[in-house]
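In the two complexes that follow, subunit A is the common piece, with subunit B as its partner first and subunit C second.
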Partner chain A sequence: MVEEKVRNALEKAKEKALEEKDYIMEVVRCLHEQFGGYAPPEALELAAQFLEVSPSKLYEIATFYSLYTLRKEAKHVIRVCTSLPCHVAGGREIIETLKKELNIDFGQVTPDGMFKLEEVGCLGRCDTSPNMMVDGTLYKDLTSEKVTAILEAYRKGVIE
Partner chain B sequence: MKIKVAADPKSVLEGSLEIANYFGYLSGVHHVQVDVERDANLGNCVGGILVDINGEKYKVRDKKEAAMLFVQGVILRKKVKDLAVKKVLPPEESRITPEVLIVKRNFGKYRDIDGYIFLGGYEALKKALKMKPEEIVEEVKNSGLRGRGGAGFPTGLKWESALKEKASEKFVVCNADEGEPGTFKDRMIIEEDPHALIEGIAISAYTVGANKGYIYIRGEYSDVAENLKRAMEEAYDRGFLGEDILGSGFDFELVLRFGGGSYIAGEETALLESIEGRAARSRFKPPYPTQKGLFGKPTVVNNVETLVKVPWIILNGAEEYRKYGTESSPGTKLFSICGKANKKVVVELPLGVTLREIVYAYGEGIYGEGELAMVQTGGKAGTFVSKEKLDVKLDFDAIKEGVSLGSGAITLIDDKSRFLDIALNVIEFFEHESCGKCVPCREGTFLVRKIISKMVEEGKVDCDALQEIERIVLIMKDSSLCGLGQSVHNPIISLIRMLERGEVA
Partner chain C sequence: MIKVQIDGKEYEFEREITILEAAKKVGINIPTLCYHPSVESIGACRMCVVEIEGSPKLHPACVTKIKDGMVIWTKTERVERARKVNMELLLSVHPNDCMTCDANGNCSLQDLAYKYQIKEPRWGVRLRNLPIDDSHPLILRDLNKCIQCQLCVRVCDEVQNMSVYSMVDRGYHSLPQPDMGDKLGESSCVSCGACATICPVGAIVEKPSIGKARWWEVRKVKTTCPYCGVGCQLDVYYDPKKNEIVRIRASEEDPEINDGVLTCVKGKFGYEFVSSEDRLTKPLIKKNGEFVEATWEEALDYAAEGILRIKEKYGPDSIGVISSAKCTNEENYLMQKLARAAIGTNNVDHCARLCHASTIVGLAQTLGSAAMSNNLMDILKAQVIFIIGANPTENHPVYGARIKRAVRRYGAKLIVADPRKTELAKMAHIHLRHKPGTDALLISAMMKVILDEKLHKEDFIKERTTGFESLAESLKDFDMDRASKVTGVSKEKIVEAARMYGEADRAAILYAMGITQHSNGTQNVMALADLAMITGNFGKEGTGVNPLRGQNNVQGACDMGALPHVYPGYQKVSDENARKKFEEAWGVKLPHEPGLALTDMFLSPQIKALIMMGENPAVSDPDSQHVEEVLRNLEFFVDFDIFMNESNKYANVILPAVSAYEKDGTFTNTERRVLRVRKVLEPVGDAKPDWWIIKELSKRLGYKMEYSHPSEIMEEIRKVTPIYGGVTYGRIEKKGLQWPVLDLNHPGTPILHTQGFSFPDKKGRIKPIDYSLPKEIELPDDEYPLFMTTGRMLYHFHTGTMTRRVKGINEIVGKAYVEISPEDAEKFGIKSGDVVKVSSRRGSVLTYAVVTDRAQPGVVFMPFHFAEARANLLTGEILDPESRIPAYKVSAVKIEKVEGAEKIEPPDYVKRIMNRN
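Then we have the complex of A and B:
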């Protein structure tokens, strides 16, 4: 099961190789696709074995970059933009609403394991500030009411 | 009922569109049906914005007066004597700098490669492939094109130094990491004109003699990248990428790489580290990437906007490009207007345009109740500019007056924002994004953040602490390894100056 996913990830990553070792980042990204949002240590170890590189190379990437993680910590990861353009355009209230609704702070997971809340820098969508991303889906022009409705939709499973 | 608001150039630059939008906002708040018309022929008045309600002329200086006029003149239908105007001057003729569409030339005009070719696409590549690399370098040098990723390095010189390097292999890299807060122009280009980008990259590769290239796009743009992927496939199918391009004998392979959510990966040497499969930490310079870049080979890194200008310059010539902009900063620049702006858009204007024009004529001022307090130019690493300084001309020289051009981000900030709130927001970002490789930046961002956090907790500004902050960010400026640590002083010191002048509380 793990091996199959790792092989799939390696195959996909290699498709776009121009150089011997230019696709390591791509491997970690493809592992996240295969495992649904994270790259477990055993997969990294196995991938390193197949690639004949030290596992620490893959760990370095999986831990340095904020979009990558070793564990599935929550069903959904909420990344809310805290940069100034969103901040002055209503982002402050959005963050307050999120923290209040979820009853957690940045970096924490709700007790039911449903949501993790993370702060991120500008998402490059400041034409629709304030913005947040949930598992790669962008939600824009946010208001507190919208945020409440979006969370509700995830809780009820209306959005998977 | 109808409200006419003066919209001649003079009035627009004084914020009349903002007032017009505000009347729209008030009509929503008060549930009153009114027609707000922006009238370029209404004329204007001295020291305020001319407004016409049922033939009565009024002068409005700010949103407070506009609200008073709305309540008394529109809702209560009274004549508002305090604001009445006696003398109406003829509309102003002086011009507002119009948009020049070089980068935006194809925006909204095509869906696939056939559409692009119909618009004259890939003609520049054909022309370039018949030119000598030295001739292309000369043309780009003559155009005076400077990098649009923030540093403003002359593109022709960069290409020339890579061309001169003797190496078995060279690379070109397109920097599509766009992480500078407030910047979304490169995303727009990738959404609206991916082929011009591919064409620009192919020309840069041919010029410096690179057969391999990468587009490094931030991970958060994976949906946007789909458009680019499709365009690249089309370009391969038609022979604009791949082997023996258009029968010229020139081979060029171009692939896409995704970032993993890291601001510092946008710094060119950190970006190369990332492609090589490591954490994005900046390298010491020199050697510069043009000498020793990706996998130790000569590498040219260019921003998306820089590259999209190249096909236009090849087709229209350096002289034509120099017709726009200023002597030191020729051509156009994309500005992304955001924050509390009424209109959050990407506009393309000749360099040397005033900040006032961008803020009022294109951004239409601030929405909602507040008033404009300041603008941050150039992204989070850029400078805070008070509303008293809006007449500054934006180009690469503006930094001499304490205004940075940077990535072209223009963030409008209202008077509800407090000094400590903004300062904390700024420093938290840099602390979080510092790659930690060098001590001044790693420790400096941490220390400054701690000092500001303490002031936030105490709820008051401490002058000694501000001095300490200045000292630290200036040390960072001189001793940090890369542009991140070196530029933290821009926002921090410009903001402190505004506090000292009483322009922010």
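Then we have the complex of A and C:
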């Protein structure tokens, strides 16, 4: 039920948000969580109705942050850092491995719908670079071998 | 004083303004793309960058404030190079199609490309190749041309307060899109067109203007909007070769009225009626039941002979003169002068009788002055706004948007009392959803709470008013439980609202027809005046009692004495001194007795002839069938209008008048501001301004009027009307003045009652209120089980003679409808879109149903703009005994589904507004 999930998201967001304007940001994040990694337009619209704001206010946030998507594009979304600290710590090889293993480029989805690969500016953990994030989980101090193993674990369903 | 150096010269400024504003003040032009004075600057386009000595980076002038000792360079090589690169980046996605672009000649991007001589950006051009959004009947969006300045987003959010647009996606791909990325025509857009007005390029343009004329072919005239009482100042662009309006935009010169950028859909797009094929272009005389074209001489002679014949036969009081709130002050002044001086009767009135007659009576008795006490701008200073019986976001849309801003931006608390869940009611902190006709009771209940909880201001009451004891006495035994039961509002809510209003330092009351159009309308109005007086809410910003006037010049028509009981400036006809003054000024003896009110003219057998200017009572007045019968049976009927309509088809002679876009004059808006109306177009055909028609008719009735221009009439007005004493065309050339303007040096009066109320002793008159239900009220019964209220809706105006001739507007909403609550719909087996018959004791109309929780169970609503489904066939002629206003807001009706009729799909707009949050 979309409505139930929207109501849950609104409740959850209330627990966290301190101010009114934070609230709407948090709502989008919670919606994303509620729907398992995406925030469908009908949910955003419904949330806007409950919040008595223009739907444009939520749509704007949902389309601005690369973390959010409006539809489920793949089972898992891999976000890999392309910034300098990761790059010098071996990030280039990580990206090469990912592209080779998945046989896709940035912004693409594997034919089986399992993975989407995205580049991000920074994951905020330069101390453990190179980093990548799969859905909500951060993987740090990566090597090519680790990447292959992680992908395998997702493919086999060892990690959900 | 702040000393700064700009481009090598020293300047001093009083306040810490932005570098852009400072440069502008001293005549230095800094290029901008994303700047507009009506919205907040965001420094997005980086065109206005300047160098500041001592700072390594370039600073955007629109968001950087000047500081003492600052040294600013606006045209250095570095600055110009940065601007040029910026332009090249913008042009690298911009189609080079100025040849067919509607903004050609009025495009900031084009001007700067020319200035910097960029033929092609150094990186080449990669267009966005987006589809054009052609979904809206009035606004076209081609985002291939968008420069991402976000002006449309900001104006929609900050000024119109709809927030339809937002910037969707990031970086290069970021573009303004409505709602959830929808097409504009399918979004919650209210068609105000501010995005098209503000767009600095050709990305958002006015659809009806496309292909009409190039910007350099049009000329601009500033005038006052001919629709509602807000009085928006408009720049009308017209093509002199075709004598046609090309587009309308808000004037930037008057932010206090329409924010320097805002219009509503009617003001911006509702001008096509001017060049409608249906315009009357020749005088018409009815011969053997058919209208035949005549010359002005023939028609005027014929009209005068007819009137003189009736006057001879039955006396002057057998003639009724109906003036018009759509016409100018000058014309209203002449019309009442025609009645009083040329014909010799006080039977002169106009449609204010139907909207604010009870305001005039009610406020004159309590405050001494029958007008909005405060002004449109200072609502932003109110801590609490109490709106009762008004729906400003639809009926005074530009002001409605400002009320939303007061709440959203300035944190005002909003109380709305309305049986309908209007847009503002949904936004309100407290919505008092009372039953129709229980306003006086509801307001009295609030006063009871305020007195019981000692929230009233004793000092104010003592110093500034009289009569408090009688009010307190009348409320002593007030029964709150009964009030709660009868109004349908819980006691807790009444108490909460009373506290919110009573505890505020600055609380403003706004009201309109939901208060006035009742058979106890005057009591309702006086109750509001009492409420504001006992809480000391007068004479300060953001306070007062503020009637919102419905027509463009209903305030002015009243000021000019187009009323049966007063001369211009509310000087009573029964006052001998006033009469003597006017007898002297006009050189004739004047009648002593007040004349008949508009509503009484249609009820009294005394009226044998009518002279009517620009009104359509067969649609606007209650009980249309009866009105038509009266018009049909008149012995003689002279009408001036711009169109044939449901009323003047009964006339003996119709004199073709011109619209507000074809004549000079003044309107007085709802905040008492006298504003210039300027001639934009040459009149169509042989049509003439109403003032000319009145003058010529008067001459033929034996009373000479000599004027060659409306400014001469204003000179005469100001000499006999103290509140207009200092109004001259010269003084209001740039900005309007708010009456009272007592003499040529008087600056006008933005807020009334600052020193005292408008009585000789300066004291307001608190009156006890008769809060029992109106004695004459048509209550629902078994046969007619529902209340019906009537009113206006956003897209149309009054009897529709103007707006229904605008193509785009009718594509959006073209049919009448009836709003019915889900509960009633279920009870009567009705679904949205069903064709229904709505009947009252007086008649029935066919329309379609819109099921919505905007309607309260037991109450249906119909807009009255649609002659083919005339809401006023259903309304009755129960009048307020004090002001003679009809009780439009309460009629008993029944509603039945018409079996077998094809369903009508409600237009998107209607569906949306019914659900809008």
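Criterion: the second predicted complex is superposed on the first by the 152 of 160 C-alpha atoms of A that agree within 3 Å, B and C clash if a C-alpha of one lies under 4 Å from a C-alpha of the other, contacts with A are read in each partner's own complex, and residues count from 1 in each chain.
Simple rule for what comes next: contacts are C-beta pairs under 8 Å (C-beta built on N, C-alpha and C of every residue); 3 or more make two chains touch, one makes a residue touch a chain.
Since the structure is predicted, the reported quantities are computational estimates derived from the model, not experimental observations.
Of the two partner chains placed around the shared chain by superposition, subunit C is the only one that A:56 touches, whereas subunit B remains out of contact. When subunit A is checked against subunit B and against subunit C, the one touching more of its residues turns out to be B. By the touch criterion defined above, A:28 lies against subunit B but remains apart from subunit C after alignment on the C-alpha atoms of chain A. Look at A:114: by the touch rule set out above, it reaches neither subunit B nor subunit C. Contacts of A:104 after superposition: neither subunit B nor subunit C is touched.
When the two complexes are overlaid on their common chain A, residue A:66 makes contact with subunit B and with subunit C alike. In the superposition on chain A, A:2 makes contact with neither subunit B nor subunit C. Of the two partner chains placed by the overlay, only subunit B lies in contact with A:127; subunit C stays clear of it. In the superposition on chain A, contact of A:48 is made with subunit C only, not with subunit B.
Common to the subunit B and subunit C contact sets on subunit A are residues 57, 60, 64, 66. Contact residues on subunit B toward subunit A in their complex (touch as defined above): 178-184, 186-187, 212, 214, 218-223, 253, 255-263, 274-280, 295, 336, 338-340, 344-346, 376, 380, 409, 411-414, 417, 422, 425-426, 428-429, 432-433. Only residues 16-19, 21-26, 28-29, 57, 60-61, 64-68, 82-85, 87-89, 119-129, 133, 136, 138 of subunit A touch subunit B when the two sit together in their complex. Those residues of subunit C that touch subunit A in the complex are listed here as 162-170, 174, 177-181, 188, 426-427, 917. Residues 41, 44-45, 48-49, 52-57, 59-60, 63-64, 66 of subunit A touch subunit C in their complex.
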